[in-house]
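Next come two complexes built around chain A: one with chain B, the other with chain C.
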Partner chain A sequence: MSAAEIADIELVGVTKSYGGNVVVVDNVSLTVPRGEFVSILGPSGCGKTTTLNMIAGFHEPSSGEIRIRGRNQVGVPPEKRNIGLVFQNYALFPHMTVQENVAFGPKMKGQSKSETEEAVRSALKSVRLEGYESRYPKELSGGQQQRTALARAIAPRPSVLLLDEPLSNLDLKLREAMRIELKEVQQQLGMTFVYVTHDQEEAMSMSDRVVVMSDGVVAQEGRPSEIYQNPVSAFVADFIGKSNLLPVKQARDHDGRLTLTLGGGLSLVSERSGDIPANDITLCCIRPENVQLARKGASGENLLTGRVDKLVNLGAHAELWVDVSKDCLLKVQVPVRRLQGIEIGSHVDLLIESAAIQPLAH
Partner chain B sequence: MSKLLSVGYWVFFSFILLFIALPMVVVLAASVSPTSHVTFEFWTWTLEWFGKLWTSKWLDPFILSAKIAAIVAVISGVLATLGAYAVAYEKCPGHDAIMSFLLSPLAVPQIVKGVAIVLFLSSAGLFRYLGTPGLIAGHIILTVPFAVRMIATSMYNFDKNLDRAARILGASWWQRIRYVLLPLIKPGIFSGMTFAFIISFNNVPLSLFLVRPGQSTLPITVINYFEYSLDPILAAVNVASLLFILAVIFLFERIGGFTVQIHGGSK
Partner chain C sequence: MRLGGTMPSLRGYVPLIPPVTILMMFFALPMGMMIGLSFQDGDTGSFSLTSYERFFTDDLALDGFFRTIVMSGLVAVCVTVMSYPIAYFLARSTSRWRAVVFALAIAPELAGVVLRTYGWLIILEDQGFVNDLVIQLGLIDRPLPLSHNMFGVVVGLTHVLLPFGILSLLTNIQGIDPNLEKSAQILGASRLSVLRHIILPLSVPGIVSSLLIAFTLAASAYATPALLGGIKFSVLATMIYQQVLFYINWPYAAVMANVLLVIVLAIAFTGARLESRLNSKLHVR
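Up next is the complex of A and B:
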């Protein structure tokens, strides 16, 4: 393998358990090539922070191997791993100025004064925080503290940068702006980023690849659009974006077209037979934006009729909850301009593209 | 109603301040008393008594007390920092029990401790250590719990993520102690040392048992003098000690910056 092909981070069958029976991370394998922005996404308690701490070296895996640039890291303490880490609460040194905070890494690594100064200057430039060198952390806004933390982490030029929910203490507007900046910094430096978050929007908007974790295992891994469009399980479908998860009573395969029988006498046709054998299908996932309002009198497959049960106007679009059968509520996202004549209690016709119905086994 | 409360508050508050300040005012007035019999005359005063302090009778005990207090402050500072590090920072096994043990000398009356130390020294054949070594050791037993308490508090308040941050940035154990932990707990260490200094400098009950004849600390000298005479020179000693303690506190605060620690960061 040439140097360029060696992945920056490789996790091979990494498991972390406490006391032998509490398994927090279960047999996770992951390869992060150089320069990639990977997000580990999952609800709290899914093992994502533990995974991050194992990469950083604060926890040792119970079994498995962690390699950074081809070298096994088990037994190597954090201070020897050449990794950057941005903390959720920033963990800036309160007794040091911005300059001193950012210079800390290069200084500890024994770089000369001029090298350190150069590293600090370029790190502060990357995060656009020039001119704040002599401020103390408490004199900075949340966003500026965040940038300082990022500058401090990148100043020693680590081989990879780990980010532990770094935006969760910021307000929404700033968070959205920082997402774009983080991505820009990452691309500029060409540095490998591993970003841990429970916020699917953050993960979707910045990452080259998303790893969804649940209960200590990788539930799905792939490009953001791939995960959104082809969730492999109800958990992923539900965690990433909004979805309608409808129980399937029976599925029949006709040359790559599936007929799904739902409760209440409904039946839908899906074009995605996929890898799941028809007998294993128990659910189907339909994204709310893939359900359209049909013209009156339209006909064809996957045409449903229902009564509007709830209507939530979100500004640009609205969400309708449509009662399509006795026990089946379908969430539908429609542009607000199509809302004319629709109110709670109205009857609407809905059309679902057969390609937008994703059958699921679990 | 609220106005009445507010007036009541200020009256009450003034009384408390007066209660604290009055003895000092009396001592200050007595120290400049024009006659050897303590009298208060607003219009005649003298610094004669302070001049009389400038003799070896008073200077020697003062120097001894200051020396002992300084050594006690430094040693308790070091010991308490090490103890607090193990107990409050590293949370060693049984840290709660060890903390209680470290604070336990506070519960033993000083007289009892004094007797115990003298008995120990004599039965162990270490009687010759009475005097300065005994005083230093005795005072350290007394001051370490206070110092541990103050330093442990600043360690409990230390954000462990800072240590992790320093670590991931490549700092070794010693570098993390030197550049992150110590600067941040410095106010705690210095407030602990200040307390140790004051407690040692002013101590009577324990020192009574440990001083050697002819080599007495300042408070013990004052008590001995007081048995035979009550003149303004005692007041002058008190005022001088007070000024000295204030100077020490000021100096430690300049180095350690612990005002924040003591009154909760209103600065």
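Up next is the complex of A and C:
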């Protein structure tokens, strides 16, 4: 394998269990090429933070291998791994100024005074925090503390930067601005970022690749759009974005077109036969924005009629809950300008593209 | 409306009456009497500074004064140094031994000072456990001077006061975010560097309060210096006792008590000032 092909991080069958029976991370394998922004996304307790702690060296895996730039890291203490880490609570040293905080890494790595100063200068420049060198952490705003933590982590030029929900202590506006900034810093440095979060919007907006974890295993891995459009399980469909998950009673395959029979006499046609055998299909996923309001008197396949049960106007678009059969409420997202004449109790016709119906096995 | 507004706040002070009364009767009043007594002539009862004059010109008294300071200082340092690793372990450990160590650290406090001091006497005496052992092993001929001196008293007091040091450091170290240590570690700091650059500077307020509490308690301790120090080992607390019981010189005893009070107050005041300055500077979460 040539140097360029060696991945920055490789996890091979990594398992972490406590006391032999509590398995927190179960046989996770993951390869992160150099310069990639990868998010590990999942609800709390899914094992994402444990995985991060194992990469950092704070926990040792019970079995499996962790390699950083091709070198096995099991048994290597955190201080020898050449990794950067940004915590959710920033963990800035309160007794040190911004300058001293950022200089800590280069100093500990034995860099000379001039090298350290240069590293601090360039790190603070990357996060646009020049002029704050002599401030103490408590004199900074939340956003500035966040940037200081980032500068401190990148100053020793680690091979990999790990970020543990670094934006969740900021308010929404700042969080959105920091997402763009983080991504810019990452691209500018060409550094490998592993970003742990439970916020799917964060993961979607910044990552080159998203790894969805659930109950200690990787539920799905892929580009953000791929995961959004082709979730492989009800869990992923439900966790990433909004979705309608409808139980399928029977599925039949006709040359790549699936006929799905739902409860209440409904039937839908999907163009995605995919990899799942028709007999295994138990659910289908439909994104609310893929359900359209049909013109009155329209005809064709996947045309449903129902009564508006709930209506929530969110400004740019509105969410309707439409009662399409006895036990099936369909969540629909429509632009607000299409709402004319629609109120709770109205009857509406809905059209679903056959390509937008994703059959699922579980 | 105004009446309704003030009445409940007045009523709020009612529960304070019993404790305040008790404090006045048994603390403020005797304290005032003691201060007054120190300015009295022993025979006539008129105002006089003779007792103070005597204290500050008597070599024996001044010896006791300095011995008190040296002993308390040594105890304060020993307590803090020994408490630190225990407190750190208790603050950070998640092991099942944590509860055991905590109990072992605090349990001696239940045994009573006199009992523990006699325990140390049995161990440190000339015919005590340690001396017996090393003499039997043939390492020395004559017993080592382990008791009836500064060494014995400092050992005894350190043991007595250890829980106070542990508790004050424990509160402080628990307040230091463990992520700071992890951050430092991942930035390349060895265990020793983490201790030197992160934990020690941040636990200075805890160190100060441990030194403070150990010093003041050691300075006012009576039983341990009296039993482990023997007759010739005099500190202010034992000297006060002698003046009251053997010489029945109450004004002179009051002077010594006041000197002790001033030492303790001065130390406590400086320490508290230092601690609050450090705390406001560090803003330890």
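Simple rule for what comes next: the second predicted complex is superposed on the first by the 362 of 362 C-alpha atoms of A that agree within 3 Å, B and C clash if a C-alpha of one lies under 4 Å from a C-alpha of the other, contacts with A are read in each partner's own complex, and residues count from 1 in each chain.
As a convention for this text, contacts are C-beta pairs under 8 Å (C-beta built on N, C-alpha and C of every residue); 3 or more make two chains touch, one makes a residue touch a chain.
The shown structure was predicted, so the numbers you read here are calculated from the model rather than taken from an experiment.
Overlap between chain B and chain C is detected when the two structures are superposed via chain A. Judged by the touch definition given at the top, the superposed model places A:Lys138 against chain C, while chain B stays out of reach. Once chain A of one complex is fitted onto chain A of the other, the partner contacts of A:Gly105 extend to both chain B and chain C. Legend: residue contacts after superposition of the two complexes on their common chain; A:Ile83 is shown touching both chain B and chain C.
Once both structures are placed on chain A, chain A residues 56-58, 77-85, 87, 89, 91, 93-95, 104-105, 108-109, 152-153, 156 are touched by chain B and, in the other complex, by chain C.
Residues 177, 179-180, 182-190, 193, 197-198, 201-202, 281-285 of chain C are the ones that touch chain A when the two sit in their complex.
Those residues of chain A lying in contact with chain C across their complex are 56-58, 77-85, 87, 89, 91, 93-95, 104-105, 108-109, 136-138, 152-153, 156. Here chain A touches chain B in the complex through residues 56-58, 77-85, 87, 89, 91-95, 104-105, 108-109, 152-153, 156, going by the rule given at the top. Across the complex, chain B meets chain A through its residues 159, 161-162, 164-172, 175, 179-180, 183-184.
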